[in-house]
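This structure is in structure tokens; I'll ask about it shortly.
Labels for the chains are A, B, C and D, by order of writing; each one numbers its residues from 1.
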Amino acid sequence: MSSTTGLSVLSVVATALQVLAVLAGAPLVVGGMRQVRARLEGRAGGGIGQPWRDLRKQMRKQQITPQGTTVVFGLAPAVVAGSTLLIAAIVPLIALGSPLDPAADLFGVVGLLFLGTVALTLAGLDTGTAFGGMGSSREITIAALVEPTILLAVFALSVPGHSANLAAIVSATANHPGQLVSPGSLLAFVALAIVVTAEAGRLPVDNPSTHLELTMIHEAMVLEYAGPKLALVEWASGMRLTVMLALVANLFLPWGIAGAQPSVLAVPIGLVAITVKVAALAGVLATCEVFLAKLRYFRIPELLAGSFLLALLAVTASYFFATPTN
Amino acid sequence: MSWIGKIRRVGRIVEPADEAPEATAAPPTGVTGSLQLRHVDCGSCNGCELEISGAFSSVYDAERFGARVVASPRHADGLLATGVVTRNMQQPLFNTLNSIPEPRVVIAVGDCAINGGAFAKGYGVVGSVADVIPVDVEVPGCPPTPQQIITALRTVTGR
Amino acid sequence: MTTALDDSPTAPVLDEDLRTARRARGQAILSGGLTAALGVVGTALGLSAIFGEPRHLRIGWLLPLVGVIFDLGPLGGFFVAATGAVSIAVGIYAVGYAQREHWARFPLVMLPLFVAAMLLVPAAGSVTTFLLAWELMAAASLVLVLSEHNREAVRSAGAFYAVMTQLGFAAILLALVVLSAAGGDAFATIAAHTGGISSGTRTAVFLLTLMGFGSKAGLLPLHAWLPRAHPEAPSPVSALMSAAMVNMGIYGFIRIDLQILGPGPHWWGLTLMIFGSVSAVFGVLQASVSTDLKRLLAYSTTENMGLITLALGTATLLSSYGAQQVAAMAMTAALLLILSHAAFKTLGFLAAGSVLAATGLRDLDKLGGLARRMPGTTVMFGIAALGASGLPLGAGFVGEWLLLQSLIHSPHGDNTLLALMMPLSVGAVALTTGLGIAAMVKAFGVGFLARPRSAAAEAAREAPASMLTGMTLAAAACAVFAVAPVLFGPVLKQVLAALPTVGGDAAGPALGGFLRLPGIAGSMAPGLIAVALVIAVLLALGLGRWGARHRPDAVVVPLWACGADSLSSKMQYTATSFAEPLQRVFDNVLQPETDVEVTHFAESQYLVEKVTYKTLLADPVEQRLYAPVVRAVTSWAQWVRRAHPGSVHLYLAYGALGLLIVLVIAR
Amino acid sequence: MTQATYNGVLNLAAGAFLLAAVLIVWRRELRAIVVLLAWQGIALAAIPVTEGIYQDDAALITVGVVVLLLRAVALPLLLIRAVGTEPQERRESTPLVNTTASLMITAALTVLAYAVTRPIIALDPSPATRAVPAAFAVILIAVFVMVSRRHAVSQAVGFMMLDNGIAATAFLITAGVPLIVELGASLDVMFAVLVLGLLTGHMRRTFGGTDLDQLRELRG
């Protein structure tokens, strides 16, 4: 199990590479999804690099501090981005044996994710605008309802590997691919897919490209951010999406990931593998979004209740279907 | 699902882009190909609004040149003003401009915004946009076609 | 502490006032100092009992026949130390608070007494002593709750509390009498003769203690006194009650049902788990929709006691199935949760108290903007809220993590009960955490950030140094729990070793710098996470510097009001509106009573003059369960009242009649 | 077919079977519900086919094919026609229990099913019997759907889910029922659906809607 492996230089390198890849790749993932959508709508689209251009532009703009906001508003973007970077350093994306892997298991990662959410909701309240409070209230409600599903899905995933540590889960799946076709992991996958879209603020829960404040959830919280801070927020939300997609990809399709003691060749292979997986998942997500409309806000609990049910079934299934053969 | 077939049949409906016009105003931050716009209707007849929405539609697709309409002026670096400035919209126009972080451009769309147009002598009218705030780019026409609007935007995005 | 007098609100003008002020300060310092000193003594005694050998003390003359027996083992020491630690912070805080709030002499005297009584309860070594200390604690707390008795709410809360705590005491009395009838007076002798206690007796004792201790710990459905009494009490007292006194209920469970009578049958653990999870979910649900700062904290106490009970139940159930190692994990989780809850709940109530002292407000809908006016208090409450929300870097995180681990790693084998209970419990814990985050974001974000929603909040002033000092101690404790629970490793080990019936003899989780679970590839390092997160945030700040040299100078601009000139603070979201979605989602459980009434102008029904929106969120359990009982009791009392016409002769006749009856019977 | 793949496919079929039932509770559009029912039929047919291939038993495979034709093609088509003739209401407008609550109830029912079928698994813990809880859960869910839905078509769907569940249980416990029994069962289901179709048509002509609450008006 990875929690007992000593550090190797290459695994440290792989971890650093993970962080850099998420940093550099997040805007591309967002741009790619926008591009897929544009093509399916018959448009040409701004190109995959558009978010990067926007980031560079925003970074060169004026720092604006709205009157009456406190340090919470100023620090929140950094906290969101920082927690996401930390997650990127913990989870096994390129290689298994991250030096931080024993420091936090899947529960810890979920906690860090929610830390970012809480920071942004507090910032939304801190502005003291109507829209900020509205966005925070909606976001925190969804987060509260998402949490049970996530933890139950974690439970279901931790049953085969007898551990909630990410490296253990991933390696267990890699060693017994037979478990992938078990109902437990399939139900868990569907449940996780739903909550990831909810937590990343994608359709049908939230429409990231809406212009109407009253229909916003995530956007409403960040209406007051401008310039560099806005750039950081956008970057961070892109990174959250990327990390979550990559994590889901590796939890269910761990192939190509480098081992706890990676060889020189295994690291680039892992990088390519995770890039391909994330690109594919993002493309599928964007394609599905074209066919979806945003749910009414008070229909979202139905969706999340459904995902909770699936997660519960996943746990029960992985308890009862636990066939000793594989 | 029949939609997939429809998408395949329709394919790309966007008009081919002609070559980029020479940039009149340098892009606000020196970064080409990225322009977020906040639109303010100062008292327009909504003709220009229709054409603007046309410019961002699937057929003209201004987004491919990096232009995007955003909800909050804090996110924007351009002000898209349409129509004559009425008394009630004068102050909001000021406020919107002031809450756009520097550097910023102001684009006046349509004859009304440029010189008052048909409503120049109206009783509730303060004047053209230029009478209230400094204007960087003007898009003449009553209303201007989406093509004209896109060309104007491209002179700012430089793409 | 001397600076407390500088910003004590009564600026002495005449020397008469000066003298009274000086006397008040002296009394406050005396009472608070005494409380803190008791706390220090308690902590020292508790730690020595945990690490040294158990202490015995018998005072024969103090009580006829049985005498008073004190017997402080590791378990009792644990609770004594926790109570003592809470009292230190509260005592120091009370010095400033008592002066600001002009406490009368009575509460000043009762505060140290209350602490002393609480310290005696876990130290009690015999049934009689335990009951004595327990009743003393209840009485002292009741008096303190009533110390602002000129307010109607306080009086009703006091009545509620008095009735319920006495009923609970009756249940405990019955249970312990049954127990001592079976095994003797001293706990030690009972523990020695548990073999002779019939299963029927065990069941009776368990059910009765479940009632008695459950009501003291604020578990459903006996929680109703808690959200009434805790908010109405003066804040230092609220802190003592909510952070220390409720623990006594948990102590009772552990001492009587787990340590002396344990290991119980499966259904004991099952019952505890069900009561615990229901209380946790219900409590946090009420907390997430309540708009009263202290009421919110009180409900969060119910929530945390529920989580602790759930952990206790898990430990009992697992050890009854022989899974000692995981049971030890659950027990460690329970102990850690007790400590961390004591820390952040003390801090929460003390911070809420200084808000109350500065603004006179508890209503979140009227607060706001305190971050600029009371930065110290704001930081303190932020730490408490982070701890209560169970997020990483929060005090509660490690405990909840351990609880979850023990739930998901229970060896279900082919056991249906475990295979059903564990997922459901995980769901309950998860829902509790999620809603807890919402509740705490509301409390902190609406109450302390944004702009003030009332003149009182506008005029808030920072608390005096002594209050801040008290809070700082609690905050430091929170930080330790969040980052380095390893410091408590030895303590937990000792206490666990004293609980062989719930897996104490198995190897518990190792609380090193890395928190490792025995036999499972599961580990966590809160300290490392904290450091890494700080580094990552600094990195992100560095990212934000990118392209800075191209930027125009930073400016401060008014808020974006959608083109309008300014936003009034009335346009902000309030606590009510913030919690409205949750209230709607869970309206089957909460059953809010809302009504909107629109009044039109006389001229035309199309012109709306005003719209009033009323929403009442009463405690549904209280409504459904308590109201009928109260009604029945009152009607019965009305009937009895007819026998009291007020004539002395009749009363004397009653007495004589009673005497005759007694004589006839006892003939 | 190896042991492992047999396990995998069988579990997968059972999981899909259960998932379809859950989604039927979740969705409200009648058309979508019927499509899901067809998917459930496919999952149901996969069970005997898998067992047939595993034990190379031709009869079982035939049963599977028949089941596929009936449950996944014929009956859904009938129902689709019933939906198609609906004038306006293509969706379960107001179920008696709201969606969130019914999902929670479904969860409870499933857990219950898992609990009560433990003895059956204990009797003979083979991969087939391990999948029985899913089938049993579908039976319970089907009953719940019939209880909680207003629309005649969703009633029919519930009825057919019930029969699917029973058939699946039969396939899993006894390694395949005789062909004739299965045919008989499926045929009378078919008749039931036809009758329901007639009934709905009649109701629509009478009340202009197939909301079962309106049946109350039939009482003189």
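Going forward, contacts are C-beta pairs under 8 Å (C-beta built on N, C-alpha and C of every residue); 3 or more make two chains touch, one makes a residue touch a chain.
Everything quoted here is computed from the prediction, not taken from an experiment.
Ranked by C-beta contact pairs, the top pair of chains is A-C.
Closest to the protein's overall CA centre, chain by chain, comes A.
Averaged C-alpha coordinates give centres for chain B and chain D that are 56 Å from one another. Distance from the chain A centre to the chain C centre is 35 Å, each centre being the mean of its Cα atoms. Each of residues 29-30, 72, 74, 102-103 in chain B touches at least two other chains. Each of residues 56, 60-64, 223-224, 227, 301, 308, 312, 316, 319-320 in chain A touches at least two other chains.
For chain D, residues touching at least two other chains, in rising order: 111, 114.
Interchain contacts give a graph that is no line, ring or star and is not complete, per the touch definition above. Of all residues in chain C, only 288, 368-369, 371-372, 389-393, 397, 401, 404-405, 407-409, 412, 419, 423, 426-427, 429-431, 433-435, 437-438, 441-442, 444-446, 449-451, 514, 516, 520-525, 528-529, 532-533, 536-541, 543-544, 546-548, 550-561, 567, 569, 571-573, 577-582, 584-585 touch chain A in the complex they form. Remark: chain A residues 38-47, 50, 53-54, 56-57, 60-64, 210-213, 216, 219, 223-227, 230, 290-291 touch chain B in the complex.
Within the complex formed with chain C, the residues of chain A that make contact are 1-4, 23, 56, 59-68, 70, 72, 75, 77-79, 81-83, 85-86, 89, 100, 102-105, 107-108, 111-112, 114-115, 118, 121-122, 125-130, 132-134, 136-138, 140-141, 143-148, 150-152, 154-155, 158-159, 161-165, 168, 223-224, 227-229, 231-232, 235-236, 297-298, 301, 308, 312, 315-316, 319-320. For chain A in complex with chain D, the touching residues are 178, 181-184, 186-187, 190, 301-302, 305-306, 308-310, 312-313, 316-317, 319-321, 323, 325-326.
For chain D in complex with chain C, the residues that touch the partner chain are 101, 111, 114-115, 118, 122.
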